[in-house]
Amino acid sequence: MIDELVEQLRDRPLIDHHVHGAWLSDGDRSRFENALNEGSTDPLPGWDSGFDNQLGFAIRAHCAPVLDLEPHAAADAYWQRRTSLGEAEVARRFLSAAGVSDWLVDTGFPGETCEPEELAALSGAHDHRVIRLESLAEQAIADSANYAEAFPALLEATITQEQAVGMKTVAAYRTGFDLDWSEPAAGSVVEAAARWRDSGGRRLTDPVLINFGIRSALALQKRRGGLPLQFHVGFGDRDEDLHRTDPLLLLPLLREFADASICLLHCYPFERQAGYLAQAFAGVYLDVGLAINYLGARSPSLIARSLEVAPFGKLLYSSDAYGPAELHLLGAHLWRSGTAQVLSHFVERGEWSTTDALRVAGMIGSENARRLYRL
Amino acid sequence: MIDELVEQLRDRPLIDHHVHGAWLSDGDRSRFENALNEGSTDPLPGWDSGFDNQLGFAIRAHCAPVLDLEPHAAADAYWQRRTSLGEAEVARRFLSAAGVSDWLVDTGFPGETCEPEELAALSGAHDHRVIRLESLAEQAIADSANYAEAFPALLEATITQEQAVGMKTVAAYRTGFDLDWSEPAAGSVVEAAARWRDSGGRRLTDPVLINFGIRSALALQKRRGGLPLQFHVGFGDRDEDLHRTDPLLLLPLLREFADASICLLHCYPFERQAGYLAQAFAGVYLDVGLAINYLGARSPSLIARSLEVAPFGKLLYSSDAYGPAELHLLGAHLWRSGTAQVLSHFVERGEWSTTDALRVAGMIGSENARRLYRL
Amino acid sequence: MIDELVEQLRDRPLIDHHVHGAWLSDGDRSRFENALNEGSTDPLPGWDSGFDNQLGFAIRAHCAPVLDLEPHAAADAYWQRRTSLGEAEVARRFLSAAGVSDWLVDTGFPGETCEPEELAALSGAHDHRVIRLESLAEQAIADSANYAEAFPALLEATITQEQAVGMKTVAAYRTGFDLDWSEPAAGSVVEAAARWRDSGGRRLTDPVLINFGIRSALALQKRRGGLPLQFHVGFGDRDEDLHRTDPLLLLPLLREFADASICLLHCYPFERQAGYLAQAFAGVYLDVGLAINYLGARSPSLIARSLEVAPFGKLLYSSDAYGPAELHLLGAHLWRSGTAQVLSHFVERGEWSTTDALRVAGMIGSENARRLYRL
């Protein structure tokens, strides 16, 4: 049963609804190993290997064969082979093996990574753009004296110009979710913008303006249709207060915008809370991307937890890959194998039919995203 | 091993220690499908099917045969058959197939559902009543100028008159659990009642009066014996702040009333926290009802989590069924099959003996409730 | 596969990096049964058996044979056999069967339990000491008028004198972790110490002094090297506010002391949060000891959760045993069998190689602790 499901899932292209660019130019081993740690903002300690964790083991198990090595190749051998091929060839191999038809790329954190078009070209897939609110806000404060009008205008213009299909907020990193989510009073946005500009207008962390940005995005979504708003939730680097990203803290906002299309990304370790919100609000969706890669051999249990109280029409696939293209492939591979394992367990116990299992896998892998993002 | 356990459990009647009435009169498909969503207070969106979730799949798997359909019957076929039989016949079939000897019915939220006596008659079982504090409080404020004396008097009179075996609070919905749980000062109850009456005396949400109601109930329990107080905990509709229903927030109250008989209901996703409280306090019990139905194929993992730090004498069975009688049956069926699966896994690995497994299943299924509620 | 792993792990000695003494003198049955409940501070209720929980079942399954009984021996038979052997012989049997090479003993909560040297002698292992900050603080306030200098001096002197390898804080019990973790102002430590002394200087619960104690320990660690600081996290008795021991509440402290060696102990039910911190900070380690014993047949799932986002070089083994020596053995036994089960599942699914599984088990069982504590 599991083999049948794995085979069926292998041939179905996925929509990766939240991803970043891949590296195309060569880097050293510390760049690579540090990219396998999401939580830390420091270099790895000397005694540690960036491979000694679930993600590193999963790369050795599943990515090594794509580079013509045996599964579970040693870390040194893996690095050597990777270097001899060069980053561009490595990226080409992984991206084309991922079986993804559409990449929805968050371009708000570019670093050394490639453009959406390059991702598409290397994989024979389509690319789409997702606009990060806080990056635009930082542009708006620099360019305009009238932030309260400039930001919504810049947001709409950017979306039109880039033909973006969605928006994204990193409020999780900037304020956490335990905000006063009520509508800011008329003057308070202007005042907060002035304070921010006076303090240099760098990284946006003002709660009034974070709230204002999100509300502007939801107003635009209502007016234009489509344009789901993605929220980074849970697992991320240590700059965020992880406990302040429990998505239940979004309840006041969700109750006010009860029909808004909202995607809760990653969610670990709050995936049950996110699933609950997906049941409670018609427009709330979730994925457990990013964490699937980091959990490696343990990711089937995470996928299983995402299949609890969330309606099946509200689950999405993403990799949240950034940097090494191993992550673009591995997210897809682990999602397929983990989903096959979880669903075949349901079927073997007589809880689901095989037909249902295939239908739900198709919904999560691409159909829900196609409907939601109007692809 | 699992087959033996399933068979043994099939023949043992359960005590459903927290349940509501079933529908007996016909309704349309949207009433039915909306009843399969606990979190949302809105109608389902047009594109969604109320069957496309774990509960819907579990109904198609396990309830369809009771209506003479094949397991996994299509949603349309299921609805058609259900309609042709009529709600009363549907209810009769499911209630009598549930294998429940005693229903403890929370009558505080009646809606279109039947009376406890009807539930008993249709299933050949006994019925008992559980009194909801907040419903009585709303009666007391309307009928009396002296709330602080009227509420405890009405509570005791109602319990005597209805021969109630327990009490229930929905503080989770009204205030959450992050209250000041200390004893309200003499005048503050009177003042809070006056404020509430002046504002119309509708839905009770005043924290002083919620606290007062619970303390009145615990005082009555101490004086009369028996009469456990049930707390709605966790999973429910989006009116509640789910994160404010973490049962650990009850610690100050539990420490003050360290011997009180208290049942934590549902608990998802705080079942580990609830299990901890059941170990820490001699009078605290828990169930994972309601969530078992909503988790469907995933419910064995929830049952397994409830079998962690809670002493086995502190676990109870409930369905929390309300409305479609599928829920009254399915709760019992999923509890039996999930418990058999979890316990046989313990036995197969040599961790438990078969005798122990059967004994613990009997404790959770009925013996603990019989002792606690003095049935 | 699982048999091979079990066999390999059976022969490898463990380092129990957080443990207490065992009882050597006889006690009555209520002492024993109450020792099987961690959460409650009251005697067990009359109807309950201290054996009717996962820990009790695990003792009957795995400890009974060490006392020459059949696995799953009845509770009465177990108690009878235990009594006839006497506590000292019982301790000798369990301690020598545990397969532990080094005990790191927290001596800050002695009760009726034996000294580290006795633990070592009975098991043929080495003993090392871990110094509890709050016990020393209570000594310092009694002995000195100048607490702000006396405490750090006493801490360093004690560590030198006892050749301690680590330190421990029970801030979880005294204040919880939602403290103001910023550096206390110059005068505030002196003032807080004066207030504490004036109020009798008993149990330290002042947040300024808890913070000061931890900061003094981290300063000493930086100066001397080694000396990891252990934090009690999560599961414990009901005196603590369990929800205030979420280790994410330590983030401000961890960000300030980003290289400090810190061990998060027990962690249940916050093991995912603890694993995240172990990824985010180079010096943070965790174990799931104590909870492994209390979860018994369910402990493999806990061990599996600890193997999610934490790097494998950051996981440790402990029993946190205290009192009955069953706990010293059972922690080791359940860790070995649970780890073998979890890792062989990874290997069977092709996610890990056998070589990797053995290597990681060795890291967690002893190598990480040997490096960290400089044994």
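Details
Letters A, B and C name the chains as they come in the text, with residue numbers starting at 1 for each one.
Heads up, the rule we're going with is that a residue touches a chain if its C-beta (ideal position, glycine included) is under 8 Å from a C-beta of that chain, and two chains touch if they have at least 3 such contacts.
Since we're looking at a predicted model, the values are computed, not measured.
A complete topology is adopted by the chain contact network, contact being made between every pair of chains.
Interface note: chain A and chain B, two copies of one sequence, contact each other through mostly non-matching residue numbers (shared numbers fall below half of all numbers used). Work out the mean CA point of chain A and of chain B, and you get 37 Å between them.
Shown for chain A are the residues that touch two or more other chains, of which there are none. Those residues of chain C that touch chain A in the complex are listed here as 246, 248-249, 251, 254-255, 258, 272-273, 276-277, 279-283, 304-305, 307-313, 346, 349-353, 355-356, 360, 363, 371. Chain C meets chain B in the complex at residues 37-42, 44-45, 47-49, 52-54, 57-58, 61, 71-72, 235, 237-238, 241-243, 268-269, 291, 294-298, 301, 341.
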